[in-house]
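Across the two complexes that follow, chain A remains constant while its partner is chain B and subsequently chain C.
Up next, the complex of A and B:
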């Protein structure tokens, strides 16, 4: 029941929203339910500290036969950050998203995403993971195109087709894996794979298909092309939600999958993961530096930042997994906040083209400082969360003997700083070029709720930097669980 | 029988990939449908296609020879996958229709406005 509630809360909202016609009530209900979800996710933290791994067998069938929901420390942390980001983007959307979109189900589909994301973080078997992915993707397909502007439709066709193909890869892999091992439960599969250690090569086709599926969802090189083509088209509140949650679900699944299955054949997979992570890191950041659109730069940085998590996964030591989890959390917070600031700029000026923007710091120093915090946290400046994230990744990489990759990460950090300084100078600092000043109606309505969301995220980023030690300790405990799959197996299947 | 179905799946995949690589959006969408059907057949094949009975265990029996009953799980999986792809197909066709309304083109080469240059 404790885990099931995280699916039930969004589901109840979905059912209620179908019955209600008025946009105002839908909005208030959305706020209530996202708060409930946040409170519930907070309550899970002490429970998971006490129980270590929470397992719920749905319908009462025991583990390898029924559907299990599993949440270890890593999942619960992800659930909490998801709930936090979801709550704040919901608050933000009440002012940022126009009324027509809200009336046509903006909140409905964001709750669809929440349900899918929560489900994916707790899924205990592969096919369930696929179904939750689809719940999440289906809602996100609609959110990308909701509103029906021309560029939105274009973006959503690309987004839709590439993500559908990734689902096909994933589900074909699941089919083949089931054919070979006769199970879908993650814990059961991991156990069976350990028994079949001698001839793991027969499983590789299935594992590669699933890996490619995750890599497309997580926007890793060379599978990232859907992301920069679509993320800058929907309203900023939607992009912020996507940037915070969607690719991260792909990366979460990859980490789960790697620690349960792929590490048995580490000699092969470690190289693959390291190369893909390093290339995503470099190519994302280089591509970003040639862009002149606020959101496009940030979209390319998603790819680059995801690369950090993946190289940390490739190092595969306890310290490295700690770093990966810490970095993932930091990235979700900072990235979302950067997009929230972009949303404010868009609201004030009606464009996100760096060349025609300017003078935004004079317009509102608070928003300027909020961008400063999130951007320089992404670039890795102390004392913000990004500094500790990067520091942990680099340190673990050098300790594990991958000095080259670690230095590459340092070099990428420099480029990130370049992009962020570019946005800062072009949008907030320089004088707005007079000839390019567009006619845009001055928005009289205050944006206090938007500011509230961004302030809360900014505070979270600073707090994560100031209290990095206790958070890193929690991440370390989570990493220990990840490195010890027999514990996961024991909790899910019961003591053997 | 497995070989025939395997070759058939391969053919479906190559048709699907060929269609996905075409320039017309409608053909790309059709290609995705073909690919998803090929994927469903993979799941079907992976469960083993030996001719077996219904997957019930007779009353009172302690064990059943697995060769005599068919594996119900892949069929359940395919059912789920078909339902999901039905929903997505409906949505993607509606999206295509709307896109054609707005732009009046089927040509993928016209979809360059959101790309990175």
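Up next, the complex of A and C:
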């Protein structure tokens, strides 16, 4: 029940949102339910510290036959960060998203995403993971296109088609895997693969299909096209939510998949993962430097930042997995906050084109500082969370003997800094070009809740930098669990 | 122009499909069938009916808005999922009732039926809301 509640909370909201017609009540309920979700996720942390791996079997059917929800330290951390980001974007959306969208179910579909994301983080078998992915994707398809602006529809077509292709790969892989091994429970599969260690090549077609499915969802190097093509089109609150949660679910699944299955055939997969991570890192950051749209730059940076997590996964030592988890959390927070600031700029000026923006720091130093915090945390400057994330990744890389990749990561950091400084200078520092100064009417609507959520995220980023040691300790414990799949198997299937 | 034969056939078809859908819903747990399939069969009947009479007639038959129906469906699913938790069991566990009733003989009921009914109502509501929206946009038969 402790885990099931995280599915129940969004589900109850979905039910109530269908039954209630008034937009105002739905908004308040959304706030209440996202708070509940956050509180529940917070309560899971001490429980998981005590129990190590929480397992719930749906309907009382024992593990390989029924549906199990499993949450170890890594999942619970992801659930907590998701709940935090979701709560803040909901608060943000009450002022940022226009009334027509809110009336037509903006909150309804964001809760659909929450349900899908929560489900994917807890899924104990591959098919349920697929189903939760679909729940998440269906809601995100609608959120991308909700409002029906011309630009939005163009973006959502690309988003829809490429993500459907990834689902096709994923489910095809699941089918092949089931045909070969006769089970889809993650723990059971891992156990069976260990027994079949000598003949793992038979499973490669299925594993590659699933891997490609995750890589598309996580926007890794050869499969990232959909992300920059669609993320700059929906309202900023939606982009912030997507940037914080969606690709990260793909990466989470990749880490889970790698630590449970792919590492048996590490000789092959480690190279693949390292190359994909390194190339995503470089290509994302290079592509970003040629962009002139606030949100497009940030979207390309998602690809590059995800690369860091994936190379850390490729190093595959305890320190590296610690770094990957830490970096993933840092990235979710900083990226969301950067998009929240973009949303404020969009609201004030009606555009996010760097060439016509300017003077925003004078307009509001607080928002300027908030952008500074998140952008320079992404670039990896010292007292912020990004510094420790990058430091851990680099250190573990050098320790594991991948100095080349680690140095590459360092260079990518430099380019990230370049992009962030570019946004900073163009949007906040430079004088607004005169010909575009009077183009947009000044917006007088209140934005205090938007500021609140951005402040909370900014505080979280700084706190994560200041208290990096205890968080890294938690991540280390999570990494130990990830490196020891027999523990996961034992908790799910019961002692053998 | 009213074509009386077509109208009667459409009505008959709707009734036939409605009965068939309830039959499919009830046999669902142990034999092929279930809430989802039943809902689709019911929706086919409604679609045929609305092609002839227009979408307002379905809205009148449904009484509630389709959104409300979807909400009721989800509510039933929720009840079936949470009920066992209050008895100290895992969520979604099936609870069964067996008893002998006069006239009806042995009755065997459980929470899976509530769950399936929820799916039935929810899916039928969803399909009909899509159909009604499309018909309103196309101004079909109005």
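Assume the second predicted complex is superposed on the first by the 495 of 496 C-alpha atoms of A that agree within 3 Å, B and C clash if a C-alpha of one lies under 4 Å from a C-alpha of the other, contacts with A are read in each partner's own complex, and residues count from 1 in each chain.
Keep in mind that, in the parts below, a contact is a pair of C-beta atoms (placed from the backbone, for glycine too) under 8 Å apart; a residue touches a chain by one contact, two chains touch by 3 or more.
Every value quoted in this text rests on a predicted model; they were computed, and no experiment measured them.
*Asks:* Looking at A:127, would you say it contacts chain B, chain C, both, or neither? Reply first, second, both or neither.
*Replies:* After superposing on A, A:127 lies in contact with chain B but is clear of chain C.
*Asks:* Determine, under the contact definition given at the top, whether A:4 touches first (chain B), second (chain C), both, or neither.
*Replies:* In the superposition, A:4 touches chain C alone.
*Asks:* Would you mind checking which one, chain B or chain C, touches more residues on chain A?
*Replies:* For chain A, the partner with the higher number of touched residues is B.
*Asks:* Applying the document's definition of touch, where does A:178 land relative to chain B and chain C: first, second, both, or neither?
*Replies:* first
*Asks:* Go through the superposed model and pick first if A:18 touches only chain B, second if only chain C, both, or neither.
*Replies:* So A:18 only meets chain C here.
*Asks:* Could you look at A:150 and tell me whether it touches chain B, chain C, both or neither (first, second, both, neither)?
*Replies:* Only chain B is touched by A:150; chain C is not.
*Asks:* Look at A:56 in the shared chain and tell me whether it touches chain B only, chain C only, both, or neither; answer first, second, both or neither.
*Replies:* second
*Asks:* What does chain C use to touch chain A in their complex?
*Replies:* Its residues touching chain A are 67-68, 70-72, 74-75, 77-78, 81-82, 85, 89-94.
*Asks:* Across the complex, what residues on chain B touch chain A?
*Replies:* Residue list for chain B touching chain A: 20, 25, 28-29, 32, 35-36, 39, 42-43, 45-48, 73-74, 77, 80-81, 84, 87-88, 91-92, 95-96, 98-99, 102-103, 111, 113-116.
*Asks:* Could you please specify the touching residues of chain A with respect to chain B in the complex?
*Replies:* 127, 131, 134, 138, 141-142, 145, 148, 150-151, 153-158, 160-161, 164-165, 168, 171-172, 174-176, 178-180, 184, 228-230, 232-233, 287, 291, 296, 300
*Asks:* In the complex of these two chains, what residues of chain A are touching chain C?
*Replies:* Where chain A meets chain C, its residues are 1, 4, 8, 11-12, 14-19, 56-60.
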